[in-house]
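The structures come next, written out as structure tokens.
Paired with chain B in one complex and with chain C in the other, chain A is shared by the two complexes that follow.
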Partner chain A sequence: MTKRRGLGFGAMLLLAGGCCLLACAAAHGQDAAPAAEQAAEVGQLYDHPVVESLLFYSLAAATVVAALGVCIARDIVRMAIWLFVTLSTVAMLYFLLAAPFLGAIQLIVYAGGTLVLLVFGVMLTSRSPWIRFEVRPSELLAAGAACLVLLVGLVAALLRAEWPEAAAGESPRVATLGAELLTTYLVPFEAISVLLLVVMIAAAYLVRQEPKE
Partner chain B sequence: MTRFWTPWEGRPRPHYSGLSALLAGLGRGVYRVAAPVVRHRWFAAPVFFGVVVLGVVFVWLCGLFNEAVLADYPVLRDLLVVTGLAIFVSLVPVFCIWWERKVAGRMQSRCGVMRVGGWHGWAQSPADGIKCLTKEDLVPDDADPVLFRLAPYFALTPVVVAFVALPFGTYWVFRHLEVGLIFVLGMLGVEVVAVIMAGWASASKWTVFGAMREACQMVSYEIPLGIALLLPVMTVGTLNLAEIGNAQAGGWHTWLVFRSPFLFVAALVYFITSLASCKRAPFDLPEGESELVGGYHTEYSGMRWALFFFAEYVAMFVVSALAVILFFGGWNSVLPDRWGEVLGDGYLARAVRGVVFGGPLWFLVKSFLLIYVQMWLRWTLPRIRIDQVLYACVQVMLPLAMVLLLGHTLWELWLPPELIAARVVNVILAVIGAGLLLAALAVIIRSRLNARRLVGYLAVDLLPGA
Partner chain C sequence: MSAFGLYASGGCCLLAQIGLSHYLVLAAILFCTGAFVMMTKRNAIGLLLGVELVLNACGINLVALARYHPGSGADGQITALFVIALAAAEAAVAVALATNFYKNLRTIDVDRGDTLRG
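Up next, the complex of A and B:
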């Protein structure tokens, strides 16, 4: 199987490089001093700013590489595993940001749930599980153009944005999150539960057995 | 018997090359040196005694230095804790595999492993490990080379990482995670990915279908598992495992399992659903199929297969540990903590309090008791079919868990623990629990006393010449 490296591949590389640049810009723009004051009760993060920067850069690089892997992989299951690595590194980034609840929920919902669903869907619905992707040059061109436009727009927007100072304080307690969900954000919460109910009913309807005449 | 085993005449010699040759030579050398010593009948006792003494010294040093010295050296503390956890996580499967074979033997009126090592075959697990190391490194031709090799590590890593948030005592935890419980749940949920990867990468129809079924079972049983775990979280009001353990420090009647009949049944629901998520006991259809046709680890041999089984036994411990922390009092003993306050604050007082009134020792004993119950169920109950598995999950466990959740919510609202009615129910449940435990003890003692008559002399006396 010949390897097709076209414009789309180059555009994806450009996107990856742009994201790395963005990460560096954002990290340097931030003031490194409050790192010591952010009493990460969440896990006694090493308060040294160098360690924190090192962790952030390596995790960000890992996320970008894994996302690239999702795009470049030829095999569906390998793509799913790269996606799992991406989701896990994002969860680690959440832990680094002193948002442990969000990190744990990311692991449970995305890595443990959505990914499994994806793999089930792929494996149970594809005609031949060992099919490999064949990409036409026109598709590569369209994908490359779309990626380039998105890259330019994202880089421009993110570099121009005003990043607020990181609030030096403790991470919100889970009890506070729960209380907020049930008081201030009750309407989105109920809307999401209605959405999940609709999804479940639709899934049950799709797999129903026709009554035999 | 010869001092060590030698191959028969004309046995084809295996050819190793490179690193495998080094490892095989090392293994053979270790065997030749150690075999005459290990087979001696009184070798096991000093080894066991020495390991226990070393463990106690390590634990005492950790407790001593944790407050005084290590508070200022977080990196050193982290290194020590990681070393301790790595040793523990390696020893738990080694011990559990031997114990499982002995328990299986006892359940089946036979002795279990008796040969390897001088006392009840204690060296069987290390011998199995060495054997697995020297096996051929086999990867099927059609298998995905990267994913096939990666799958055992994807299976082992999450359950080991779950120990980051799992407390063995109030301060005996690597990180005090505010969201400890859902972190451990997330790690147990990541195992499904490893199962799918292993089944897929083996490039065999049977492994793919076996992995699908197994993943389906694990994922379905996560729902009643999570709902059953909501009840103690709701009672104590926090996801922090250390705080949940500390809330049960007032003696055995304050254990969460005895607080309301809904929690009593929820402990049972959690235990059964955790059996399914560990692929254990009556829910080991995928493993049972692996004896016949397929299963996700059918193409794995040697150390890779051993790593899958390490992951399974460590997951058994993690799941039992969660049950102990959430329902059965965690690291607290049956005596209330405040009775231990009179002892004072010296080193000896703290040691006595750690042994009698709660500490990692109680936690380990309770967890291993629950692991014993898991092994007991495995060798007693027959396997159930996949449709029965899913029926039990969706039509029995899930409605039951929801009813328990609703009932316990109303119980907590209308019958707070101060009311006399709640206390009466608490005492009744505690007495029932104690009665069950005493009944089990009575059965065990009776069967030990009448072993030769009930079970047969073969399970009690050594064979002549052994």
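Up next, the complex of A and C:
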């Protein structure tokens, strides 16, 4: 058991290292745009169809395996670790989609913040007489069938739809994102700040200790 | 004929150009696993993990559509950014609710929260 856990943590560390490497490469390619030659070097490696498809297929396989791990794992902490792997590979997919800022935000906010919050929730609620609860096989079967039907329908619709034949376009730089956020999207941006404040107060209110009467 | 169609028709498998449909299919798979987790887990925090999976599928869709749709500018990425922020807010409130649920019922099993049942 301990050995398996050690392996899992090793894999997680390896993954984080890979994320950092990819982030460096992507940020380099993005921000060195004025220095055209450097950008071209990194960009060429990225844009090469074989490299891109290899990266995509390996990342997609890792994402699907980790998502299935979330499904199959019984222990809630193990589910959280599988979810961490999923979030990290999705961040790498963002890097592959030429959205390095979003990838970094995904790693920081999701993998670093949200998931830690969820694990804290697990710790706060894990002492209970009914901590292991099993789902009936019939329920599992019904849920699996429903999801399978949904998946087949979605994929069939996706493959039948006519998508524009456009190749990958120019992706916005981080500076553009910041400028858009403070001009076009100013109102939603402010609304989100207010929402985060409200959420902070609400969460603190909800979990406060009841005063003893 | 999309790149995926080429792939399906038995052209050069691995070397097919990655296109929009690849990302959309991946997001569909992620969405369905998230839905499955939401349906089968009885731990309230387990349900939340499923919601996170679904939101990630949504993020992949947004970013991929922004990438393969020329002229959309920064819209897709900024929307994905908002999704991430909202997911963080949702997780905070939901963990607070789960803690409260646990304090009141001494369990985290969502099937036991049937106090309101008639």
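Structural remarks
Quick note on the criterion: the second predicted complex is superposed on the first by the 143 of 213 C-alpha atoms of A that agree within 3 Å, B and C clash if a C-alpha of one lies under 4 Å from a C-alpha of the other, contacts with A are read in each partner's own complex, and residues count from 1 in each chain.
Quick note on the criterion: a residue touches a chain if its C-beta (ideal position, glycine included) is under 8 Å from a C-beta of that chain, and two chains touch if they have at least 3 such contacts.
As the structure is a prediction and not an experimental result, all values here were calculated from the model.
When both complexes are overlaid on chain A, the residue A:M123 reaches chain B alone and has no touch with chain C. Contact with chain B, but none with chain C, is seen for A:L107 once the two complexes are overlaid on the shared chain. Shared-chain residue A:V85: touches no atom of chain B or chain C. Touch criterion met: A:M200 reaches chain C, while chain B stays clear of it. In the superposition on chain A, no contact is made by A:L141 with either chain B or chain C. In the superposed pair of complexes, A:A175 makes contact with chain B only, with no contact to chain C. By the touch criterion defined above, A:A62 reaches neither chain B nor chain C. Once the two structures are overlaid, the count of chain A residues touched is higher for C than for its counterpart among chain B and chain C. Residues 101, 105, 113, 120, 124, 129, 171 of chain A lie at the contact with chain B in one complex and at the contact with chain C in the other. The touching residues of chain B, counted against chain A in their complex, run 74-75, 144, 146-147, 150, 175-179, 182-183, 185-187, 189-190, 192-193, 196-197, 200-201, 208, 212, 215-216, 219, 222, 237-239.
By the touch rule above, chain C contacts chain A in their complex via residues 2, 4-5, 8, 14-26, 28-37, 39-46, 48-50, 52-53, 56, 59-60, 63-64, 66-74, 77-78, 80-82, 84-89, 91-93, 95-102, 106-109, 111-112.
Those residues of chain A whose C-beta lies close enough to touch chain B in the complex are 41-44, 46, 75, 77-78, 81, 84, 88, 100-101, 104-105, 107-108, 111-113, 115-116, 119-120, 123-124, 129, 171, 173-175. Those residues of chain A that touch chain C in the complex are listed here as 49-50, 52-54, 56-57, 60, 63-64, 67-68, 70-71, 76, 79-80, 83, 86-87, 90, 93-94, 97-99, 101-102, 105-106, 109-110, 113-114, 117-118, 120-122, 124-126, 128-131, 133, 135, 139-140, 143-144, 146-148, 150-151, 154-155, 158-159, 163-164, 166-172, 176-177, 180-181, 185, 188, 192, 195-196, 199-200, 202-203, 206-207.
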